[in-house]
Every structure is written in C-alpha cells, then in structure tokens.
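After this come two complexes, each holding subunit A, first together with subunit B and then together with subunit C.
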Partner chain A sequence: MTTIVQVTGLSKRFGRFTAVDDASFSIEENRIYGLLGRNGAGKTTIMQLLTGQDFPTEGEISVFGNRPAENAAVLQNVCFIKESQRYPDDFTAKHVFEAAPWFFPNWDSEFAARLISDFRLPLKRRIKKLSRGQTSAVGVIVGLASRAPLTFFDEPYLGLDAVARQTFYDRLLEDYAEHPRTVVLSTHLIDEVANLLEHVIVIDDGKIIIDSDADALRGSATTVAGLASAVDGFVAGREVLHRETIGGFASVTVGPLDAAARASAAEQGLELSPVSLQQLIVRTTTGSESEWEDKS
Partner chain B sequence: MDEGRPIFVQIAEQIENDVISGALPEETQVPSTNEFAAFLRINPATAAKGVNLLVDEGILYKKRGIGMFVAEGAKARVVAKRREKFQTEYVRPLVEEAAKLGISQSQLTEMIRKEDSE
Partner chain C sequence: MTAITTGSSIGPTTTLGPSRIVSVLKLQFVNRWTTVWIPLLILGAILVMNIAIWALILANLDASADRAEVQEGFQYSGASGYIFVYMLVVAVQAMNLTFPFALGFGSTRRDYYLGSSLAFVLYSVGYGAILTLLSYLEEWTGGWFLGGRMFTAVYFGNGPWFERLFVFGGGVLFFFMIGVAFGTVYVRWKARGLTAAFVLLAILLVGAAALVSVTNGWEALGAWFAQAQAVGTVAALLIPTALFGIAGFFILRRATPKS
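Moving on, here comes the complex of A and B:
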C-alpha cells in the first residue's frame, strides 16, 4: 500500500475561527475515500489545503511526496471538483471539455463523450444558462474523464436528480475498476455512497473524529431499545453514542457488542438493531463539545 | 444489503447460496470482482474481500490468468458449514421466541411438521 497523502498536525485558522484543528491522517493509493461531516465541519477547507488552493496555518501536508501549494508537478496529478465551480461568462460546456486536456494528461475524450450523452448535457449552450443539475454534470464529467491519480469531488451533485446521481456512481465504479485511482468523495448523501467507500474519514468542528475502514465501521455500533431501566442496566460501563427516551422506554446507541452481550440483551428482552453509516455519523456528530473531548 | 454486517461477508454468503442452489455448479467460473462490484454497486476492494474469504475456505479457487472458479466439493463444504450454524442461528431463536409466546414443544413440533408437509 502506497501512501500518497500525508497530513500531520494540520490547522487552518481564519482570524479567530478555527476551520481545521490539528488534523492528521493519510490517504492510500487507489482507494475510494469518503470525507464526511456536517456543513461547516471543515471538509472543503481540508480539500482546498490538499489541492494547494490555500496555505495551512500550522502543520505539514505532503501530496505525492511534496507540498501541493504552487507545485505544478503535484497539481497536474490532482483534480478538484468543487461544489460551485465558476466558469468564464461566455463559456459553453464544449469549451470546458476542450480545455480540460491541457490540464489533465490522462484526459479521455471518448469517455467524456459517453458521459455527455449519459447526462444528456447540451454542449453549445452557455454554462450560465444551464440548469443547476446540468452545471453539476459538467463538473462530474471533468472529474471522471480527467482520470487524475487523485480526484476530489466536493458535493459534486447539487441539483442532480436521482437518476443522474446513480449514473455518476455507476460510471465512477466502472471506470475505477478499469483505471484504479484515488478518489475522495465529500457528500451529505451518506446512505447513497456508503457501499462505494473503502475508507471513511469523518470531520466535526475541524477535528478528525473517525478514520476507519468502511467495513470496520459497519457493525461498530448497535442500537439497544427497551424498558429504560433494563437498557440503562445493559449499557452501564459501555460507550454511549446517543440516547433517546420516550416515557419509560429508552433507545441507546452503543459501540460494538460481542456474541455474549447480544445473547444477554436478547434474554433481557431488549431489541437490538444495526446502525447505518449515515445514522452512525449523525449520532457521532450531534453531541456537545464536552462529549467529544471525553472520547478522544 | 443488510446494514449491520460487513458487506464482504454478505457477498460471500450470496455466492455460497448460489453454490448450494446449483446456480453456480462446481468447476464453473464465477463473475470477476469488478463484475460483482458493478452489479451490486459496491467498492471493488470489498467484492474482492468477499471472494477471497471463499478462496481461503476452499470454496473458490483461482485459475491463473483466467479467473475464479467454484472448487470441487464446494457444495458439500458450504452445506457442512451452514449446518454447524443452523443450531445457533435458527433453532435457538425459534425455541426462544416459542417460549416467549407460550408455545409448547409439542405444538412447535406440530408446526414444523405442518410446514414440512406443505
């Protein structure tokens, strides 16, 4: 396994506001990563720092062994598709796809043409006049057809309908299988992409709170529901991620349970249910600050 | 896909089911991990993990340069493995639920007989 991105003690402050707070993580070659978190958690700032569009306040970033900022050798291997990419006023989609090969040495124009027809993108209309979803499709096509060794998609599909999003996932998987590369996908639609991800990084309030293989995260949390007194007895001494009560009933999300714990829960008449990646992230990123400090 | 369990384990189970049902007879080629990934819309590395699990158990084997095949004796091996788990995964919860509902052992036996004869 080759590490292509190494981030150590990375912080970014804007005045008094800390957008990224002492983050350390690495990205391995040819995997699909999910960079997940709430709005304003620091996802976009991290991607901007990794792609050399901003300078860190503290810490070290190495991409393909070098600092990314103002480094053409690094940046020609990186493609960053932003949530709201702006294009020159008189640009049509055709202009974008004709200019793309100048920046991306691996650009595949046949693949781009196929994607254009998949997304039914009008080429000759000015981008300003395209719908929100069609503008997003332009970015998605650039991100896929550029086949950059390191590709970032930051909320790439504002306004894309469910059919177009599925097309994006399918084309991404197909093309990734044939041309392995590293993809970092940042999104709110966690349930939709959960099965595509090999590794998940969750950021909350500028801090990395989960950095784990997606498979290890599945089954890493369970919801225990039943009579509050029985539930409380059962979860005592366990790490509680989330807690809800209704009258005398409680529903508590806890960490992994072994077979013995599951059997004992069943004997006490407690209901166990799995927690999806999306629920897990919702539950781990809604806590108060002090809860976070306890855990780290 | 079931949320609580690792996807690669579920892939392996699906392939095992096809081996038991005869949909994948012994000595036939199974789809490639990329085909599994595209069809099930999952990460190819996850699909590969599921397939490798079955290679480790001797249910699939790799023909160099060609692909994955169902091993000889794979069906018997899967059935033996599933039988071991049958007691804990099926019989125990059945008996526990029956006890909870006040269904006696003889009533339970009768129910099983009825299901079987249908």
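Moving on, here comes the complex of A and C:
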C-alpha cells in the first residue's frame, strides 16, 4: 500500500473557533474512505485543506508527496465535489461537462453520458434552475467521470432520492473495480454507505476520534441484551459503550467479544447482535467521555 | 467489504503544465451566450432605439439649420457606454462564481487568475475590434443615414483604426480589471471588504480632487485631457488597469471559496 495523503498535527482555526484540532491521519492508495461525523464536526474543512482550497493554521499536509495548496502538480490529480459547490450562474450542465475534460486528464465522456441518462439530468437547463437533487447529480457525475486518482465527495447526494443514491453507489463500485482510485466520501447516511467503505475516519468537534479499517470497526462492538441482572454480570469488567434499560431488561453495547465470551453469553441466555457502523458512530460521537474515545 | 479490483489503477499524472492556464481561458469562453451574444444583442437593441430616436427628432425639425445643429449634438452620446459596464459585471461574476467552480475542478488560484486575465484581454481585443468596425460603419453610412453618433461619439476620437482599437479595447480592459479587483476583494473578504474598498476608493478620489483644487490644477488637468484626447486618456488608464490586475492577483492568491 502506498500512502498518498499524510496529515500531521493539522489544525485550522477561524478566529476563536477551532474547526480542525490537531488531526493526524493518512490515506492509502486505491481504497474507499469514509470521513464521517456530525454537522460542523470539521469534515468539509478537512477536505478543503486537503484540496488546497483553504490554508492550514498549523500542521503539515502532504498529498502525493507535496503540499496541495497552489500546487498544480498535486491538484490536477484531485477532484473535490462539494455539497455546496457553486456553479457560474448561467452555466448549464452541458457547459460543466464540456469544460471538465480540460481539467481532468482521465475524463471519460462516454461514462459521463451514461451517468447523465442514469440520473435523467437535463443538460440544457441552467444549473440555478435545477432541483437540489439534479444539482447534486451534476457534481456526482463530475466526481465519477473525472476518474481523478484522488476524489473527494462531500455529502454528494443532498436532495437525491433513494433510487438515485443507489445508482451512485452502484456506479461508484463498478467503476472503482475497473479503475481503482482513492475515494474519500463524507456523509451523514452512514448505514447506506457502510458496505462501500474500506476505511473509516470519524471526526468529532475537530478531532479525529476513530481511524480504523471498516471491517475491524464492524467487529469491534456487540450489543448484549437480556435480563438486566444477567447482562450486568456479563459486562462487568468490559468496556461499556452504551446502555439502555427497559424495566428489568437491559441492552448494553460492549467492545469486542472472543469466542469463549460469546459461548458464555449464549449459555446465560443473553442475546448477542452486531452493532451497525451508524450506531457505533452515533454512540461514540454523542457520549462525550466514553472510554472508547480514549482508546482510539 | 473490500471491493474486488480488476482494472489498472489510476496513478497521478504529472503532464499538463501551462495548459492549465489555457483550460481556465477556455472555461471563460465556454458560455459565450452570456459573454458575447447577449451583450451584442443589447448593443444592437440600443443602436436600433437610438436610430429610432434620431429619426423621431429629425422628423420634427424642418429647417436644415436646426437639423445640422441637432446632429452636432448627437456626438455627445453615451449609448455605447453600457458595454463597458457590462464587462465589469462579467468580471465580478467570474471572480465570484467561476473561481470556486474552477477550484473544485482542481485549478490553482494562480492558473485561474492568469487564465481569466488572459481571457479578459482577448475579450477586450474582440470588443475593441467590434466597436472599431461599428465606428467605421457609422462613418460610412453617414451616421446610420441620420447623422447619428454612437461609436464615433466625441469621447472616442476619430483617429486611424489602430487608435480606435486601442481606445475601445483599452477602455473595455480597464472596466474588466475594475471588476476583477472588486470581485477578488469580495471573494476574499466578502461584503465588509467591499465596503472598506469603496471607502478607500472614495477617500483616494476625494483626496485627489482636493490635491488638484489646492494646487489650482483643474485648469491644467482639463488642458491635459484636451491635449491627450482619447488615446492619451486610455493610455493613462492602463496604469490603474495594471494596478488593479496586480492587486487582484495577490488578493486572490489567499482567497478561499466559501459557500
């Protein structure tokens, strides 16, 4: 694996507000990353810093071995599709796709044409007259058809319906299989993209709180449900991520369980169920002092 | 889940180079409807309306002496001035909207600025040529057959073609660069920056006026304009044009495309 992005001690402050706080992580080549977190957690700011659209307050960013800001050699290999991407007022989608190949050497116009029909995008209507979902489709098509070695999608599908979102996931996976590249996807809809992601970076309040392989993360927590007394006995001494009780019953989310622990839980009549990525992230980003945070 | 990868992976490319500037240049020409056809259509409409007004005025005059006197007045026309202001707006829009768009496409601020400035120079030459042609057409048709003056208005002079091209093209470029400068101020510092820039500009202009008054220089200044004529005035305007252009570059270099 080749590291193509290396971030060390990165901070970005706007006045007194700290959007990104001492973040360090790396991105490997040819993987799909999820950059997850709540609104205002700092996802967009991180992507703006990585694509040279903003300048760091502190810390180092290296993309393809160089600083991205004002570096054409780096940026011509980067495509950044923002949810809030602005287009010239009287541009139509046709203008956007006409200009795209001048900026993206790997642009595939046949693929773009196929996506345009998949998303039923009107080409001749001005972008400011398009619906929210159609505007998002413009960005999604640029992001996919540009085939940039490093592609950022920041909440790319605001306003897209479920069918269109599924089309996006399908096309992304298909094209990624044929033309491997590095994709960083930021989103709220964690469950929807959970199967796409190979690596997950979770940011909360400007800090990186999870940076883990997606498979490892999925196996990292289990929910134990049953009689409160039995559950409490079972989880004693384990890290507890979350607890819910209804009457005499309890449902507790704990860290990884080995085979012996699973067998013992079964003997005690406790029900074990996997925790979805979304639940896991919700639980780690709402509890402010959870042990999980310190561990990762 | 790990996706199965079968195809060849996409590695970073290092080619392109100065063609990035050309890409931005082409981007400024991709929607010619806004930057070419609409302004020319409006210009045509203004010309038609002017011709109608000239015809109306002349139709109501009998004495040929009156007609000559009125036609004398036609030379003070500001009808073609709108095209200059339109280009100022084009430049502001470009900085405000095309800039964040180009950055999303992986352009650097430097390449964006150089490509856009080059595009504005080309537009200026193009509009300069069109206005020059129209000025000759106006002469050859005896002022659209009515003695009307729109492109040979007194401010533009009536020198040889290269002087007219210089006056029109330089004038358009001056307005482009005002738009660029204020557009970049807005992109970098938003409304507050723009207010500050206008206040600063007002102070400079009032200061300059005060300086001229204190030194009793109005007469000399008027004499200078009379002597410099259109060509000299536009040549002098190239200095602020260049200053605006240089300022815009450094202002945009640290600007961030905020939504």
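FYI, the second predicted complex is superposed on the first by the 288 of 296 C-alpha atoms of A that agree within 3 Å, B and C clash if a C-alpha of one lies under 4 Å from a C-alpha of the other, contacts with A are read in each partner's own complex, and residues count from 1 in each chain.
Simple rule for what comes next: contacts are C-beta pairs under 8 Å (C-beta built on N, C-alpha and C of every residue); 3 or more make two chains touch, one makes a residue touch a chain.
Since this is a predicted model, take the numbers as computed values, not measurements.
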{"item": "Which of subunit B and subunit C A:Tyr169 touches, first, second, both or neither", "value": "first"}
{"item": "Touching partner for A:Ala266 - first (subunit B), second (subunit C), both, neither", "value": "first"}
{"item": "Which of subunit B and subunit C A:Ile32 touches, first, second, both or neither", "value": "both"}
{"item": "Contacts of A:Thr222 with subunit B and subunit C, given as first, second, both or neither", "value": "first"}
{"item": "Touching partner for A:Arg243 - first (subunit B), second (subunit C), both, neither", "value": "neither"}
{"item": "Which superposed partner A:Gln53 touches (first subunit B, second subunit C, both, neither)", "value": "second"}
{"item": "Chain touching more of subunit A, residue-wise (subunit B, subunit C)", "value": "C"}
{"item": "Touching partner for A:Arg13 - first (subunit B), second (subunit C), both, neither", "value": "neither"}
{"item": "Subunit B versus subunit C as contact partner of A:Val275, first or second or both or neither", "value": "first"}
{"item": "First (subunit B), second (subunit C), both or neither touched by A:Pro88", "value": "second"}
{"item": "Subunit A positions touched by subunit B in one structure and by subunit C in the second", "value": "32, 173, 176-178, 195-196, 198, 214-215"}
{"item": "Residues of subunit A defined as touching subunit C within the complex", "value": "4, 29-30, 32, 48, 51-55, 64, 70-73, 75-82, 84-92, 95, 98-100, 102-106, 142, 147-150, 173, 176-181, 195-196, 198, 214-215"}
{"item": "Residues of subunit A touching subunit B in the complex", "value": "31-32, 169-170, 173-174, 176-178, 195-198, 214-216, 218-219, 222, 266, 273-276"}
{"item": "Residues of subunit B that touch subunit A when the two form their complex", "value": "1-8, 34, 37-38, 40-46, 49, 93, 96"}
{"item": "Residue ranges of subunit C touching subunit A (in the complex, touch as defined)", "value": "1-17, 20, 22-23, 26-27, 30-31, 33-34, 93-94, 97-98, 100-111, 253-254, 256-257, 259"}
